[in-house]
Amino acid sequence: MPYDLEAPVTRNTDLGHGNFLIEFEAPEIVGCMKPAQFFMIGVPGSKLLLRRPFSVCGLPGTFDDGRPGSAQVLYKVVGEGTALLASLRAGARLEVLGPLGRGFEAPEPGRRALFLAGGIGVAPFPAFAAALRREGREVGLLYGARTAGDLPLLEWFERVCAPVEVATEDGSRGRRGLVTALLEELLRKEDPSAFHVYACGPQPMLKAVAQWARRHDVRCDLSLEARMACGFGVCLGCVVPTRGSGPEGDVGFERVCVEGPVMRAERLAW
Amino acid sequence: MPYDLEAPVTRNTDLGHGNFLIEFEAPEIVGCMKPAQFFMIGVPGSKLLLRRPFSVCGLPGTFDDGRPGSAQVLYKVVGEGTALLASLRAGARLEVLGPLGRGFEAPEPGRRALFLAGGIGVAPFPAFAAALRREGREVGLLYGARTAGDLPLLEWFERVCAPVEVATEDGSRGRRGLVTALLEELLRKEDPSAFHVYACGPQPMLKAVAQWARRHDVRCDLSLEARMACGFGVCLGCVVPTRGSGPEGDVGFERVCVEGPVMRAERLAW
Amino acid sequence: MVKPDLRVKLGPLELKNPVLTASGTFGYGLEFRPYLDLNRLGGVVVKGLSPRPRAGHPPERIVETPAGMLNAIGLQNVGVDAFLSEKLPALRAYDTAVIANVFGETLAQYVEVCAKLDGAPGLAAVELNVSCPNTEAGGMEFGNDPRALARVTRACREATALPLIVKLSPNAPDICEAARAAADSGADALSLVNTFVGMAVDVERRRPVLSRGTGGLSGPAIRPLAVWLTWRVHRAVPLPLIGMGGIMGARDALEFILAGATAIQVGTANFVKPDAAVRVLQDLEAYLVRHGIASVRELVGALEWPDEAAP
Amino acid sequence: MVKPDLRVKLGPLELKNPVLTASGTFGYGLEFRPYLDLNRLGGVVVKGLSPRPRAGHPPERIVETPAGMLNAIGLQNVGVDAFLSEKLPALRAYDTAVIANVFGETLAQYVEVCAKLDGAPGLAAVELNVSCPNTEAGGMEFGNDPRALARVTRACREATALPLIVKLSPNAPDICEAARAAADSGADALSLVNTFVGMAVDVERRRPVLSRGTGGLSGPAIRPLAVWLTWRVHRAVPLPLIGMGGIMGARDALEFILAGATAIQVGTANFVKPDAAVRVLQDLEAYLVRHGIASVRELVGALEWPDEAAP
């Protein structure tokens, strides 16, 4: 059950290259939130009318220095709303609605979790990685970005996950190329059916992953993004085309905020 | 010559009852500003489109603890813009345009300055009082408000000016009644032509003072307020009716931001 | 002071208070149960209903603009049958007036939906969304053509005994003419305004942001326009009005009420603050208490028109 | 990369860049000397001029609304004679196109002002503000009646050899019809939009905030509406357009240019940031460089209309 709270910012750390990790106190929300669920976050008095959606990145237990009753959000400055967030100091107040949407489900027993992250798409994975590791599950991360600076929290993942493989488009860190190449390579060596793939990143990457998963029949969940007005299912603004959801069982539209943000790759009619 | 600057807030002191004294650094502006001139102040990223006009309250030398190159503005929370100002901490940034408008002129030699302030209308007087006192001029203050809490900076004036007389509508401090009663009383005892009256406060008070000054032929300047869009003469939004300014020399409209905010009382066609 | 009287009457439709929620911004009502007590609301206007379910437009469907948003949802909805069987039974359990918003691409579709809604237990009224292209008349919106508007109003009037609200489009060449056409054709009340047509351009990609090119502008940006249209229609037509357009708080609601609206709808604000409608109601009540006003009805159209003003 | 070419042509009017300032928001230009270099601007449109000086409306004349403002200045101005003798001589010293905005309450007044401006050295063009009540026709605005608009355009066309811009009102029942009327009557270019009629209510005093009751809405709030009207007129009429409405930065200016505006005007933004127009120009140039676009003219109307979009 979601709550709409005023949440005080406890810190807002500049991770460089326009990436920030903001922490705020919201015990009621945090108490019932699952990895890859999201918040709608607004800044009171700001000129933006609509709140902005952000995945939960850290929950209590995710980061060693996380405060009790607090959540962390990893974000990148891409426009007015994220620039405004970046200007906030500890003590500022946020309007936070959450938890919203459907989060990640743990892999079936015996399967290994494999995360595919594209740049800031890494945001929902820390809380999930920490939770799975606590249960003794194996978690791998394939992490792609344009350039080395766009790999926030990489060191954290290197401590928590294995394997952690990196690809950058400019070759400034890890392999030169796309993250999907890492995926193909890994699963050439290992049995795809031993994995449950979770992917989050820019749409072209997700489309490629979804196609690949369909082709190889790998269980694959995507954490999607869309422009949102409400975040809780009533504006119908955030839809993606999905198979079987249309008026006659054909392709229809489903809401990323309620039926997602996590959706099974094969459902998407991209 | 006005400047448009980003000015860092150095402090923002809550004086109680919704009154605040904010200080910001703007050396270029402060260096050429006169008492009762004003700033247009905006908060970057806020939802308000237009800046808000505020008189300069303190200039270097006005308050003992004032910082060099900084100005103080005394304001009261009455709406969204002033509420937003009140929420700012040291380090926040303001958009400040100034100095704007025509400020106070010193009284002719031999005349004593007498300030009439209604509540937050006291704002332009500290800088003027300090400047006049530095030149050894005599300065009196008649200070009215609804209630005792609405008399910001009263203690400061009691140190700097004499006489300082107070009236409150509820009698909670000084005389019960309106500030204009103090004026009539004082000038029954003394020769009106020995004074130059400067008045700032709510419009009904200014109208009463202007009438009184006309009746007794006292030199009287008013510091006016008006809704403003630009503050520098181009929107024509801030006008007041004045005698002789009309197309045929009849009643016309003049801009508070350029021809004012200080205008001679007898010019107003209220 | 005694509690102020909040009841209002829109012709045959009696509401316990004047605060409704706007169609398309409140889902089927049930989605808001975590955020507010539906029993508090004067009424709930559900998402527009068509004879059959509709998939709506492909993304992008929405984009934020200064103090507003554009939407081109394409009237995605479950269809009138699913509404009656799946949504209404749960919704009518609440003590609030349930109002069905209806649209069609032909006159026959409007009539079909109205007829199906007619006997439905727990339905308080029908609101016609006439900002919908008339496919039989070259795609011109019903609401922009007074004759088509009169026809659709009359046909729906015959199809249902429920109180009939016609929702006016601000894009009509002359909204007062549209209001008169609806009034003369059997409408019990008018609601206004629907969204204004607008466009946002993605200047990096050099194309409209929305897949449909244009969208409907809602939110605080349009409030001064909507308040003015409310006052104009109030002076032109004797029907009770339901005002909307950018209402975020009670102060905004009062602008519409003073300009002649007997009730108001909260729209885009529901997205921003899910309990916005209840806050509007609370603060409206507080305003009445503060001003010693016994009934909200005293304020309807009570705007004092300045002497110096244009007529 | 070489500097992009910013020159544009509006019929006979050649501008060194497409950034102008909007009438009524830039005084007589000279007031902005402390804030920007007037020589940078493509042009300056001065406050609307009438045959004789006008006092304008009593206060309140302005009020802020969400992302916008309403104004009812009442066309206060020094009159055309004082403009010619006192303002123009100083203004024409700058390397920028000076455009006189003209209005009247009768056709004869428009003609009188245009005739006086006709020979004036240093004047680049005339812009007709037709959002003005026609006192000879019951107060209906010239711009809202295509025939009156055609007449006033034709009469001004005859009264002056200067390039003639007609500024369209968004309150017209059909802006495309108005655009065609102006185009067919000798206009060289069209500018759009003027302000939208709106109203703000002071709910504590239960009266309109503005002394006139209503005012014209400007600022970012109207941008999506103005961009859409620009695109509509661009597709309906072959004349060059000057777009405006809520332009605060280069991104906003590009929305209008892509939607078909050959030049743009910066209005309300001048109040908020006195050097707004020069910033728009700088950032527009930076955009062209970043995208490797040789001339701003390539972008005029270059909006790609999506396949799925409404026609």
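Chains: A, B, C and D, in written order; residue numbering restarts at 1 for each.
The working rule: a residue touches a chain if its C-beta (ideal position, glycine included) is under 8 Å from a C-beta of that chain, and two chains touch if they have at least 3 such contacts.
Here the structure is a predicted model, which means the values were calculated and not measured.
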{"item": "Chain hops separating subunit D from subunit C, counting only touching neighbours", "value": "1"}
{"item": "Greatest separation from subunit C - chain, by CA centre", "value": "B"}
{"item": "Where subunit B and subunit C are represented by their mean Cα positions, the distance between them in whole Å", "value": "46"}
{"item": "Geometric centre distance via CA averages, subunit B-subunit A, whole Å", "value": "53"}
{"item": "Centroid spacing, where centroids are CA-atom means, of subunit A and subunit C in whole angstrom", "value": "36"}
{"item": "Multi-partner residues of subunit C (each touching 2 or more other chains)", "value": "58, 66-68, 219-220"}
{"item": "Junction residues of subunit A, two or more chains touched", "value": "47-48"}
{"item": "Touch-based graph of the chains, sorted into line, ring, star, complete or other", "value": "ring"}
{"item": "Pairs of chains satisfying the touch condition", "value": "A-B, A-C, B-D, C-D"}
{"item": "Subunit A partner contacts - residues on subunit C that touch it in the complex", "value": "24-27, 31-32, 34-35, 47, 52-56, 58-64, 66-69, 71, 73, 76, 79, 219-220, 268, 270-275"}
{"item": "For the subunit B and subunit A complex, residues of the former touching the latter", "value": "45-48, 80, 83-84, 87, 89, 91"}
{"item": "Complex interface listing, subunit B residues touching subunit D", "value": "1-2, 4, 42, 47-51, 95, 97, 226-230, 232-241, 246-247, 251-253"}
{"item": "Sites on subunit C touched by subunit D in the complex", "value": "57-58, 65-68, 70, 139, 173-174, 196-201, 203, 205-208, 211-215, 217, 219-225, 227-228, 231, 246, 251, 254-255, 258-259, 287, 299, 302-306, 308-311"}
